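My questions all concern the structure below.
Think of it as A, B, C and D in the order they're written, each chain with its own count starting at 1.
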Amino acid sequence: MGNTFGQIFRITTYGESHGGGVGVVIDGCPPQLKISEAEIQVDLDRRRPGQSRITTPRKESDTCEIISGVFEGKTTGTPISILVRNKDARSQDYNEMAQKYRPSHADATYDAKYGIRNYQGGGRASARETIGRVAAGAIAKKILKEVAGVEIIGYVKRIKNIEAEVDSNTVTSAQVESNIVRCPNPESAETMIELIDLARKEQDSLGGVVECVARHVPRGLGDPVFDKLEADLAKGVMSLPATKGFEIGSGFAGTTMLGSEHNDEFYIDENGDTRTVSNRSGGVQGGISNGENIVIRVAFKPTATIGKEQKTVTKGGEATLLAAKGRHDPCVLPRAVPMVEAMVALVLCDRLLYHQAQCKTLVF
Amino acid sequence: MGNTFGQIFRITTYGESHGGGVGVVIDGCPPQLKISEAEIQVDLDRRRPGQSRITTPRKESDTCEIISGVFEGKTTGTPISILVRNKDARSQDYNEMAQKYRPSHADATYDAKYGIRNYQGGGRASARETIGRVAAGAIAKKILKEVAGVEIIGYVKRIKNIEAEVDSNTVTSAQVESNIVRCPNPESAETMIELIDLARKEQDSLGGVVECVARHVPRGLGDPVFDKLEADLAKGVMSLPATKGFEIGSGFAGTTMLGSEHNDEFYIDENGDTRTVSNRSGGVQGGISNGENIVIRVAFKPTATIGKEQKTVTKGGEATLLAAKGRHDPCVLPRAVPMVEAMVALVLCDRLLYHQAQCKTLVF
Amino acid sequence: MGNTFGQIFRITTYGESHGGGVGVVIDGCPPQLKISEAEIQVDLDRRRPGQSRITTPRKESDTCEIISGVFEGKTTGTPISILVRNKDARSQDYNEMAQKYRPSHADATYDAKYGIRNYQGGGRASARETIGRVAAGAIAKKILKEVAGVEIIGYVKRIKNIEAEVDSNTVTSAQVESNIVRCPNPESAETMIELIDLARKEQDSLGGVVECVARHVPRGLGDPVFDKLEADLAKGVMSLPATKGFEIGSGFAGTTMLGSEHNDEFYIDENGDTRTVSNRSGGVQGGISNGENIVIRVAFKPTATIGKEQKTVTKGGEATLLAAKGRHDPCVLPRAVPMVEAMVALVLCDRLLYHQAQCKTLVF
Amino acid sequence: MGNTFGQIFRITTYGESHGGGVGVVIDGCPPQLKISEAEIQVDLDRRRPGQSRITTPRKESDTCEIISGVFEGKTTGTPISILVRNKDARSQDYNEMAQKYRPSHADATYDAKYGIRNYQGGGRASARETIGRVAAGAIAKKILKEVAGVEIIGYVKRIKNIEAEVDSNTVTSAQVESNIVRCPNPESAETMIELIDLARKEQDSLGGVVECVARHVPRGLGDPVFDKLEADLAKGVMSLPATKGFEIGSGFAGTTMLGSEHNDEFYIDENGDTRTVSNRSGGVQGGISNGENIVIRVAFKPTATIGKEQKTVTKGGEATLLAAKGRHDPCVLPRAVPMVEAMVALVLCDRLLYHQAQCKTLVF
C-alpha cells in the first residue's frame, strides 16, 4: 500500500527512473474542475531535470498526458490518470551500480527487502518517482485555490550553512522563480548558486532546508488524533527522497522557550475573527488549522550519489570503491521546492475534502 | 478516520479527558501472543499523571481492563479492546475554559471545526488520549521483541537548553527510569529537574527534545514510496500532542555537511552482513530499515496550559485574560517518553506485518 | 483490518460472546447530532436475545453505555465508543464444544486460521458481535433521516418456504414490529411462527430471506467502480453471520427476462424529476442511487448450532457425535432484521459522507 | 476511493471506454514473481470485444503494456502499471446518447452525481473498465497457483432459463473454452448460443448466471468480521457491471432446508485433514476458507443497451424514444466469465497476503 497517499483525494504513483514511464492515478477528485495538461506542466517543468546548470543534465521534457478522468477540459469525478514517458535513459551508466551499493542510497535496502532491484537510474528510489506527486499536486493546488484562495509557496531557505532571510507572510512565487536555486532572497541565492557550482565541480553534493508557506488555509482542516494536520504534513514531506527532518512553526527552536513566551496569544481582528498575535504554532493548533499561515521546514541531506570515490561493498559482499557515474543533482533543493509544495497541497486538499464530509453534511 | 493508525497492526483510540474513559481497539494483532494486563500496565504507569512531583498532580491509577481479544492469557487474533476508566475528574476546574480559549491549545480550533467541544480537561485534545496508544504500543513492543529481539528505548535528550550527552547505542531502560525526568545522563537529569521545578513554581512551562532508539530492527521494514519508514515514524510522533519537529539520523544538522562527509560508507561485518561505518542515515535508507539502529528525535513545545496570566479571547469574541486552572504538567517530556516509544513500536510492528505479507508469501 | 467497516463513517467492532463485553467505536460521525443511549437502545432491544419465545432464551438486557464522543447530548465529532457488557454467560455449556466442532459453524476454521479460539458461546463468531453494528447503525439511521428523511425498513420476507407478500413501497415499521417474527404480513407471520416453534421443539433450525427497503435515498450515492452501492451493500450484509446470498432489485429472477422487459424506462414526474416507471434496478444504476427505493434481499441459512445429534470430529481429529448444548436461536431471521437494517444504514451513511466530500466541495 | 480494491494486494483502475486508454496500478505485489505481458494477455483475450459473433463487434486487440514494476521478467515489489490503449472508438455513435438516457444504464445517475459525464461509449461505466481488473487478476491467479496450486474456473451456468448441469469439482478450463459462450456443458452451450443469436437479431438482450469455483484454496483465508471471505467475494463480483445477485454454496436455495439437512458434517480424511461430507457452505465457514471448494454464483441482468426502441427522457427533461446505436453485447455472460474469475482471484490473493501478515509473523 506504500504507493498510495491520501484518504479521499487519493493518489497512487508508479514508475521507475528507466523503463516505460512514471505516472499517477488520482481518485476522489471533485468533478467539474477545469484542468489542462498545460496547467499541470507548469509544476512539472519546475521539477524536471536539466532545467539549469545546477541540476542534473539528464534531458527529459517530462511532457504529461492525461489518459482519463478529464472530458472536454473538465474533471469528471472518475480517476485521473497522468503518464510521463521516460526518454533520456542511459541505462549503461548504471551497470557498475548493479553490483556496487551507493553509500546512503537505497540500493542495498531494496535488495535486502525485495531480493531484486531495478538498478537503472535508482529504479523506484529515483527522485523521478515524484513526477506523479507533482502532477497531482498541481490539481490539488487548483482545487484549494478555487475553494478558498489558498496559496502554497515553497522556497529554498538554506543551502549548507547559507541561510536566507525570507518573510513567509509576503514572499511571492515570482521572487522564488527569479533565480535557478529558488531562493527568494537574491543575495543569498547568489551565494547558494556559487556553493552548488563548487560542489558540482568537486564531484560532491550539498543539502539544505526548504521552507513552505500555505496562506489563506481555511480554519478547521486536520483530523485529531492521528491525522493531525502537522502529522499528515510530516508524513507527506518525509516521504520525499533525501529528507531527514521536519518542523512546523517554531519547530526545534521553540523548545528552548518558556510557555509564556511561546504561546500565541489570541485577539479579535477587524473582521471579528479569532486570530493570534504571533504564529509559533505555524498555523495549526491541536492538529487543526487555525486560519494563520501554515509554515513548515524540511531538511534535505546532501545528495547521496556523488562522483567522489567512496568505500562501499558489492551485492556479493566484497569490499570495493565507487565513484558514481550517471547524471545526478549536486543539490536537490531547487528541484525539491515543487515537490514540497505538492505534498503540502495534497495534504491540505485531502483534509479539505474530509472536513467537508464530516463537518458539512449535517451543518452548513 | 483520524482516530485510526496503522494498516495491518491497526489501532483505533477513543475517549476524552473527562467522561466514561479512554481506550483502544487493536485489530490485526497476531494470534497466540502471551499478553496480560500487568504487562501493559508497566508502560501505562510510565505515562500516568501524578507519578512524580514534576508531573500533573491529577490522581489516576490508569488501570487497564482487557475487554476482548485475549483468551486464557493469549491473543486470539480478534480485536483487542482495552479500556481505562477516568476517575479523578474535576470538571468544575474547566468552567472558565468553556468560555476562554487557552492560547496555543486546541480549544479554539475544535470549536471552529466541530462547532462543539467537550471543554472538560481539554476533551479529546488532552494528552490523556494517548493512553490507548501506549497500551497498544506495549503489545507492539512485545511482538517486535519476540520476532526479532527489537529494543525500543526513549529518553529525554534536552529540556529547554539543557542537552544531555547520551550514547544511543548503549543506553538502557534502567538508566532512563533511574530518575523522574527520564534522562539517562544523571547530571543533566538533575539540572533538568531543577528547571522543571522552577517553571512549575513560576506557573510557567518548558519544552524539549525526546530521542528514541530502536535496536535490532530487522532489515527490510518500510514501504516506499509514501510509507517510507521515516515518513510513518514522522507521522506517528507528530500526531502526539505538543510536537513541533521530527528528525531522523543526522536530521537538520546533517544538512550542513558535504555528501562525501555525510554518506554512510558500507563494510562487511564479521557475520558477512552489509553494515555502515557511520549511521547518519539513522537506520533507514530509501525508506527501508538497513539493520543499523533507528534513531529519531522529537521536539515538544512548552506546555500550552499555564497558570500565568495571558491575553486571550472568549468563545463569544471578547478580549479577556486567562490564568489557567486545572492540573497540568509544567513539562510534558518525562511522560512523553513512553508515548514516543509507543508510536515507534506501532510503526515498526505495522511495517513488520506488511513486510511479512508482501515479501514472505512467495519467498521464504 | 477485518473489524472495521466504512471509509468515512467508519466503525470498528470488538468483543466476544463471553468475556468483558462487546462494543463499537464510530469514527467520522458528523458533529452536533443529538443522540442518546435511549435512542440506540431501541434497535439493540430489537436485536437482543430473549425477546420472544422464538429466539434464544439467553437473558441479556444489552444495555449500552456511551463512553465517549457525545457531550451534553450531542456528538462532538470525536470517536463515539459504545460498550455493552456481557451478563448471562454460561461458559460451562461450551466445554464440550471446546473439543467438538459444530458442523457448519466457525469452530474448525477459527482453529485452522488462528491456532487458538475462544470457544465460549462461539467467541467472536457469535451473532453477539453484531451488537456494535446495530448500535452504530442506529446513529447512521438518524443522520440519514435528518439529512434526507431516509427510511430503512427490514422485514422477514420468507421462512423456509413460507414467502410473505409485502409491498416494499408502503410497508411500515409498525407492521414489522407487530409480531415476534417481524414479518409485516400477519397471515404469513402466523405460519412462520408455527414453523419456528416446531423446529425449536425438534431441536432443529430454519433459514429464510430478509428483505430491506430504503426509501427517500438521495440521488448520487455510491462510487463506481469498486464502491458501487450494490457492492457495498452486498459486502455489508454478507458480512453478517449465516448469510448465503444477496440480491438487489430483480436479483436472480431478473436474469430470465429480456433486456426490453427488464429495463426501467424513464419518465419525468410532476416535480420535473427523472424517474423510472418500474424498479427492477432496485434503486441503483451504474452503482449510484437513482432516487427510487433501494430494495435488497438477503438469504440466511438455517442456524448451524442445533440440538439434534450430528456427526462431527474433535479438535484432536477423532470422529464423534455432537448434540449441541448452549442457548441458540432456532431461526435467526427475526433478530437479523435490525442487523440488515444497520448494515444498509452504515453503507448509505458512509456513501453520503463520501459524496459530500467529492461532489459538494467545489459545486453546491 | 471507489477505484481501489483490496487492502494489501491492492489495485487501482482508471480509464473510460473512449479516450487515452484504460489501465491498472497494482500495489503490494510480492517481488520475484515471473510474469510477462503474454501471460496477462491470455485473460485479456478472453475478455476482449469482437472475440466471437455473440459479442460486441467493436474491434480492440486490448494489447497490454507493462509500464513499471517488472524488471528482467520478474516483479520487483514496486507498483505494476499496465496500460491498454483504446483504438476502435467511434465516438459519433454516441452523440444521441449524450442527450438521451439509456434505460437501466448509468447515464442518468452519473449526470445526477457528478453533473458531468463522458458519454462516449458509456465512459467509465463501460465494461471496458474491467480490463484493469482482468489484467491484475491474471497476476493474482499466478500468485495463488504458485503458493498453493489454486485453480479458479468460471463458466456460464445459465443463460435466460437454460441452465447447464456442471460438476464444479471436475470442470476444466478446456471445457469452458471449448465454445464461444463459455459453458462447459456442450449441449447447453449450443442452446445458449442459439438464444443469444436470436436476441442479437431482435435487437434485444439476455442475462444469466456465472458460476465460479476455486479449488485448492488453503484453509484460513478470510477475516472476520467484516472481511469475511464471502463478504469480500460478494463485494468483488457485485462491483462488476450488470450484476444483480450473489450466492455462495447453497445460496438462496439453502434457506428452504432444515439445519439438520443443511449442515456440512465433518469427517477426517485419509490425510488426517478435517473435511466436510457435503459442501453447502461453499468452502467458507465463519467467513474463513475451510479447504473445500469455494463455489459462488453471480446473477447478470440482460444488457441494458439494446437496439429496440424504448421510452426514455433527455438530459434536459424531455420525454423521448431511444433505439441505441453503438456496439454492444447481446449478452455479457461469455465475457463476464474472466471478469468473475479475476475478482475471485483478487479477493483470494489479498486475503492470502493478509493472512500471511497476521497469522504467519509470530507462528510458522
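Throughout what follows, a contact is a pair of C-beta atoms (placed from the backbone, for glycine too) under 8 Å apart; a residue touches a chain by one contact, two chains touch by 3 or more.
A quick note: this is a predicted structure, and the numbers were derived from the prediction, not measured.
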Notebook entry, point to check: What chain is the most remote from chain B, judged by the mean position of CA atoms in each chain?
Noted result: D
Checklist line | Of C-D and A-D, whichever chain pair has more C-beta contact pairs | finding: C-D
Next item on the list: Could you grab the centroid distance between chain A and chain C? Build each centroid from C-alpha atoms only and quote it in angstrom.
Entry: 45
Check: Just how far, in Å, is the C-alpha centre of chain D from the one of chain C?
Finding: 26
Check: Could you state the distance in Å from the CA-based centre of chain A to that of chain D?
Finding: 38
Checklist line | Touching two or more other chains - residues of chain A | finding: 1-4, 7-8, 13, 28, 31-32, 77-78, 113-115, 124, 224, 354, 359, 363
Next item on the list: Within their complex, state which residues of chain B touch chain A.
Entry: 1-5, 7, 13, 101, 103-110, 112-115, 124-125, 129, 158, 160-161, 199, 204-209, 219-220, 222-228, 230-236, 238-239, 241, 243-252, 254-268, 272, 274, 276-277, 280-282, 284-291, 299-304, 306, 308, 310-313, 317-319, 354-355, 359, 363
Margin query: Going by the contact rule set out above, which residues of chain B touch chain D in the complex?
Written below: 7-8, 28-33, 77-78, 143, 146-147, 224, 352-354, 356-363
Note to self: Touching residues of chain C toward chain B in the complex: what are they?
What the structure shows: 1-4, 7-8, 10, 12-16, 19-23, 25, 27-28, 31-32, 65-69, 71, 74-81, 83, 113-118, 123-124
